[in-house]
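Look at the two complexes coming up: subunit A is in both, with subunit B in one and subunit C in the other.
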Partner chain A sequence: MRKYHLVRRADAKLKRTLLYYAIGILASLLIGAVILAVLGVNPLEYFGKMFTIGLVGNKYGYRQIEGLLKNFVPLLITSVALSLSFKMRFWNIGGEGEFLAGAIAASIVAFQVTGLPNFVTVLLMCLAAMISSGLIGVAVAALKVKFNTNETLMTLMINYIMLYVIKYIGETKADWNFFLQEESDRPIFGTFPQSAFMGSIPIGKFSLLWSVIIAVALTVIIYVYLKYTKHGYEISVVGDSSATAKYAGMSVGKIVLRTMFISSALIGLAAALAVSSAGTISDSITNDVGWTGIIVAWLSKLNIPAVFVTSFLIEVLQYGCQIAASQYPAIDSNYANLLQGIILFSVLVADFVANFRVVRKEDAKNA
Partner chain B sequence: MKKLISMLVTVALAVTSVFALAGCNKADDGFKVGAIYINSQNDTSGYTYAHHKGITEGMKKAGLDPAKDLFIVDNVPEDKEKVKQAIDQLAGNGCDIIFGISFGYIDAFEEKAAEYPDIIFSHATGYKSNDKNFNNYFGRIYQARYLAGIAAGYKSLALGNNNIGYVSAWGTEYAETCSGINAFAMGCMAVNPDAQISVYEIYTWGDQEKERMAAETLIDTYGCGVIAQHCDSAQPQIVANEKGAFGCGYNSDMTNEAPDAHLTAPIWNWDAYYATAIKAAMENPATFMNTVGNYYEGLNAGLVDVSALSKNCEPNTQTSIDAAKKLMKDGEWDVFSGTKLVFDPASGSFTKVEEPLKTNDGTEIVGAGGASVDDGVIQGTMNYYVEGVTQVNN
Partner chain C sequence: MEYAIELKGITKSFGPVAANKNINLALAKGEILALLGENGSGKTTLMNMLSGIYMPDSGSIFIDGKKVEINSPEDSGKLGIGMVHQHFKLVERFTALENIQIGMRDDGRFVHGKDVRKKIEDTAAKFGFDIDLDKVVANMAVSEKQTLEILKVLCYGAKIIILDEPTAVLTVQEIDKLFAVLRKMRDEGHSIIIITHKLNEVMAISDRVTILRHGEYIDTVVTKETNEKTLTELMVGRKITLNIDRPLIEKTHPLLEIRDLTIKNDEGAVAIDHINFYIRGGELLGVAGIAGSGQKELCEAIAGLRKIESGQMIHEGESIVGMSPKKILEHGISMSFIPEDRLGMGLAPSLSITDNMILKNYNEATGPFVDRKSAREEAQKVIDKLEVVTPSTETPVRRLSGGNVQKVLLGREIKSGPNVLITAYPVRGLDINSSYTIYNILNEEKKKGTGILFVGEDLDVMLALCDKIMVICHGRLQGVVNSDHTTKEEIGLMMTGTLNIVNKEGKTDGIAKDSAITDEEGKA
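Showing the complex of A and B:
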């Protein structure tokens, strides 16, 4: 019986990697095109609308860009935050739960703290969200440091806990529940007072939310933090080997706690910006960024500038898919999700094939 | 990683430039319909399916082609931000009227109606509207439930079993569910005055497991011989079929799913509304709120009905249902009034009896011979069960 081994290619070349990526994406589009053709839709027209996010001939194009950016901000910040903890090899898959905790905390401030100027209210919302999410992150990190618990399981469970907390809030009509509208008989989330809304800069008809600027600035700050500061260096050493870090005299526990606080607090901030931009909260407020962010972080190899570009492209893909699907009654969002899945899977396979090759055992020995 | 970035950017740009031209040929200025669904238009049964069928048939009646003139954003949760984005997308596509079928879309519709004054916004099951371009629509499904109750009443007499079960998503929390339960119960008792309606509440609009379990409990523990339902799937009817009981489905004729059990089902013909609304908006959107306005119709407009009676129904069921239907269609009588219909099972004919409408704890709602309760009560504030109804789980 022959044995096969995976060997990392020593000769991985940019050109070949690019070629494989292109082949992967084209192959997935081809599969998508076949399905479209079967459903009676012209694939060229469909993909055209998808990649231009339906902007051609759109009466309210500026609204589509606003929508795209509103979805992009939480995804970008969450992906950056997750990269931070992944760099340290801390498998934080609790992005969804941390996001929801932040969203709930920010909403409490939005509903309860009234009469303050807009800027102050939003700032308080951000702080409340960052602290609550950050503390959840620290709690999990502390369990890991102290008792060596499995952080993957712990963070995963937090997702479900927070999801049911928000569902409970959203479905329970009671006197204490200030999250819900009073005038509606059926439980439905209320709208924030005007002072809790994210401000924006009008550019013609288009309005650029401050959250977009904050997100871009944050990305730059985290890039600098990881690349040029002592903290950033410590994170990468802990990620490479915590034994090395200990030997070098670093306090691994402290670094893990600190980094997890920053990572989850950033996700909380993303949530605060999201609820403030939406002006309300809901149990689907995360838009799955806690999950998508993991894909973004890995596709980008935890490189922050790459995270920026990848999260933008994935958002274009998601938003474009939805708006293209809306134009054909035969195509529903299941197709859009299927196509996204095929494309992401193909890129991951292409990345794998570009960097590894399969060799038989004797070949490996000879080599 | 530089490779990845440059690669993805290149591909995105290349594809964009190649296909951009292909995407810009849908510029005809005909009337366009937008729809926001809670599930998918490709469903084969259930709530979204019924509305999608109604919209496509309504469009055809108005001379539109759903394949070309209909734009849909599907699987939109009751999340204000997501609904607003869906509306922006439909508005960007040039839709002239936008329908939203789920209750939780209400605030997004209100807000966007003010933002896009040239588009008509039409929201199902809600209660908000404005006087220019935003209405709500729903129907008197309780009338159809009363008719289904008549069929169940006949069956209970034939079975010699006064226990009738009702699997319900919710109970007195929502006027929509409790008005349906009450109307069904009054239909049953119009034929079989001793009928007892046991309600099993499952606390969700749709969950096949829970629907199944509730029907099993009602038949096995409470000895019900007929099972009615207000929930999404046909499971209660399937259970009735398995256990040799009978039942009334909901939303669609469930005789296929339960051939030996199903009697008749209250159904929606949403195309009756959609055709009216689309035609009015095509003719003159400025007068939409006068011509259509907030829409609440029933048997008279053909919006609600019962499905064709199956072979499982007792003799005279059809005669009695037809008689009650005619009274409601002509506006001579309605369910929640101080006058009751009493059917004679031997002939199927009825007599009117003046009797007060009472809740199951004896509170009088309408005096003997009094007029029907307000539509506002049926749509919004009804929160009691009438005499003969008991909730068995709580």
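Showing the complex of A and C:
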């Protein structure tokens, strides 16, 4: 017997949503604290280190900020890019694959194009990454437009294809394989020549990578693009109702192709910035941004300023967890992942509770 | 009487929309009950609650006199209820036999072997089904698929069978065959509910008829003691006196002429069948017909959203066949269609009123940016002029009440200054006052010399508002009548296909005397 059923709330109040989010996060921290206590670690101390990302009492604190920003840039750009396609209700879950494609393309330029100034090399890396990732996105979009294939499956498969491509490159020692270190007998990815490294602006001891500035600028540009341009308008109409878009005389196919190109090209750019900042490539270069980005985009309700804030908070959580975990022998980075998982899960539950309510079913008064 | 099914006080809402309001229904054992009502009257919703797809918000269901709770299609199957859906639920790549087999359970295990085939063949023979069990569903004709669906539920041991508009996809001969099978099933002691809105079929097959209108229970009558006229009245409602203005305007030349137009629906069946009509400037032409008689397809075809099979569409002397929706719009034809969910076509529900205002002309602004400033002014003008109740121009259309949504839509269509305005169900679901606002808007347009095609549902309204009414039934033109010289009864008979007056007194309805299309062109 089902006595209760779910009803969508007519109005989703921001205050209530935030309150539920806070309850959810507190609850998950509590669960995390229990696990820590069982492992013999003082939860308060651990969380303290986590949320300050190890800044307090650290002489090299600025290094932590640099590290945090290095991880933040790809996540931010990827989340923004995914929001773009989600806004059109195009379920691009191929962020990982598009990212890897961009990383590989950028690395090819980094290893092969030498002798050019640093700025030009990095620019070429970015272009190569954007074009190759963008083309993958367009290919999936074209299949969708032409044959109405399921973009969720298609983009998902791209992830695995690209993952195995990079694994193949990383594990195959051969003459042609310029990705690997020549001097090593085991297959290890090589380091880029100095000209392919991301430049930075020194601010005292701290050096601010150009990629951070690019990412912030891009976020602003995409915000304007979505909110004020005709293209942005078309994206929201197509996403809202493609029947209405057709009725208004928009060519839906063209809009889908264009938007998917921009979305995946941006993810490619994120990858180029990431490899250039790291100075090398690896099969874990994505740092899961293709997945985390999906969560960021949805938690932010596809609102670009919210994406900026959310991706930053999630990065603090991720990075802080790793930093804190590295300081206790009983805990490794898996705990960090576990805690993140619990927090994200409870935030999603909180979001659901904020939007639905449970209603008791009435029995009819029988005649 | 012993009842196979009794429904008491069933109510079901989807969000704020009540699809079923306090409905009572009783199906006697061994009878065929027709469930009659227009599209959107809640028939399918009601039946989906019996087949376990939806659960009622309130009310109770009795099967064989026992109160039951149906929480899933499986529960429904266990109670001996089998539903044949309008959209078949078959695995296209499987054969008929396999399709039946996958749903057969013996204590929860799959069953297979020769016995199964024998059992299916026996059931088919018993009811006179003509079916090739080894044929793959993908290769079957529609009628074969339907036969398979019915055979399937019989093989699962259903004693109560619900058919959702089974005749919609069949030819006349196939319908006769289906009815023969249904009668045989009844004689074997099965109880049958058949959903339909075709009166001749109701009269032919059913023992009793239950009528729904706008989600409400109206009445149940014995078929033998009623006639098509009474049923029509019950279905569309009794005559009420309305006080709607109908200004008389000097009519001009035919603005839009439709000649010999044939259109297919999404399923590939003929939706509009060789129709002729025309609209003059300053004329309000109504389109009457049972919902789902091809109105949607007709509107879409004129707006360039649907391909036509054959025929001509001439606007001010120029053919609009094959033009893009945008081109047609630029030509001055504006179409607004209010679908059953009210938001599906014409509006982007999550976007603001402002954003919806510029849906059709956002591209006219120069540069890469959308001109929201003038859009906001236009939105404000529409809000003021049509008295749209809204907190602001930036409110998402989805948050407005139905009437206000429709005002926004019409307001936008009118502001582009069209010379032909196609509007379908503009007052759908509106209260009296909002409806009158809409009628006034249409009359204002008519006074400007616009030709208006008004696809409506309420005959009283159409008689009061329209200059002329064209009646269609199953996509065919039944005649064009002058509102002053017709009655609701006459239109009702034409809607149900009982009366056809296209060729009376030597003239053909739907072809203008001063047509811009010459006879040769018309035939070409």
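By our rule, the second predicted complex is superposed on the first by the 351 of 367 C-alpha atoms of A that agree within 3 Å, B and C clash if a C-alpha of one lies under 4 Å from a C-alpha of the other, contacts with A are read in each partner's own complex, and residues count from 1 in each chain.
Convention: a contact is a pair of C-beta atoms (placed from the backbone, for glycine too) under 8 Å apart; a residue touches a chain by one contact, two chains touch by 3 or more.
Since the model is a prediction, treat every value here as computed from it, not as a measurement.
Of the two partner chains placed by superposition, only subunit C is touched by A:Ser241; subunit B is not. Shared-chain residue A:Gly249: touches subunit C; no touch with subunit B. With both structures placed on the common chain, the touch criterion links A:Thr191 to subunit B but leaves subunit C unconnected.
Residue contacts after overlaying the shared chain place A:Thr229 against subunit C, while subunit B stays out of touching range.
In the superposed model, A:Glu182 makes contact with neither subunit B nor subunit C. More subunit A residues lie in contact with B than with the other chain of the pair subunit B and subunit C. Using the contact criterion defined above for the overlaid structures, shared-chain residue A:Asn58 touches subunit B, although it does not reach subunit C.
The residues of subunit C lying in touch with subunit A in their complex are 8-11, 15-16, 55, 57-60, 69, 71, 303, 305, 324-326, 329, 335, 343-351, 355, 358-360, 362-363, 365, 368-370, 372.
Partner subunit A is touched in their complex by these residues of subunit B: 1-12, 15-16, 19-27, 40-42, 56, 66-67, 70-75, 77-82, 85-86, 88-94, 103-104, 106-107, 174-175, 380-381. The touching residues of subunit A, when paired with subunit B in their complex, are 14, 17-18, 21-22, 25, 29, 42, 44-45, 47-49, 51-52, 54, 56-61, 63-64, 66-67, 70-71, 181, 184-186, 188-189, 191, 277-280, 282-285, 299-301, 303, 305-306, 309-310, 313, 316, 322-323, 325-327, 329-330, 332-334, 351. Contact residues on subunit A toward subunit C in their complex (touch as defined above): 1-2, 5, 8, 10, 228-234, 236-237, 240-241, 243-249, 361-367.
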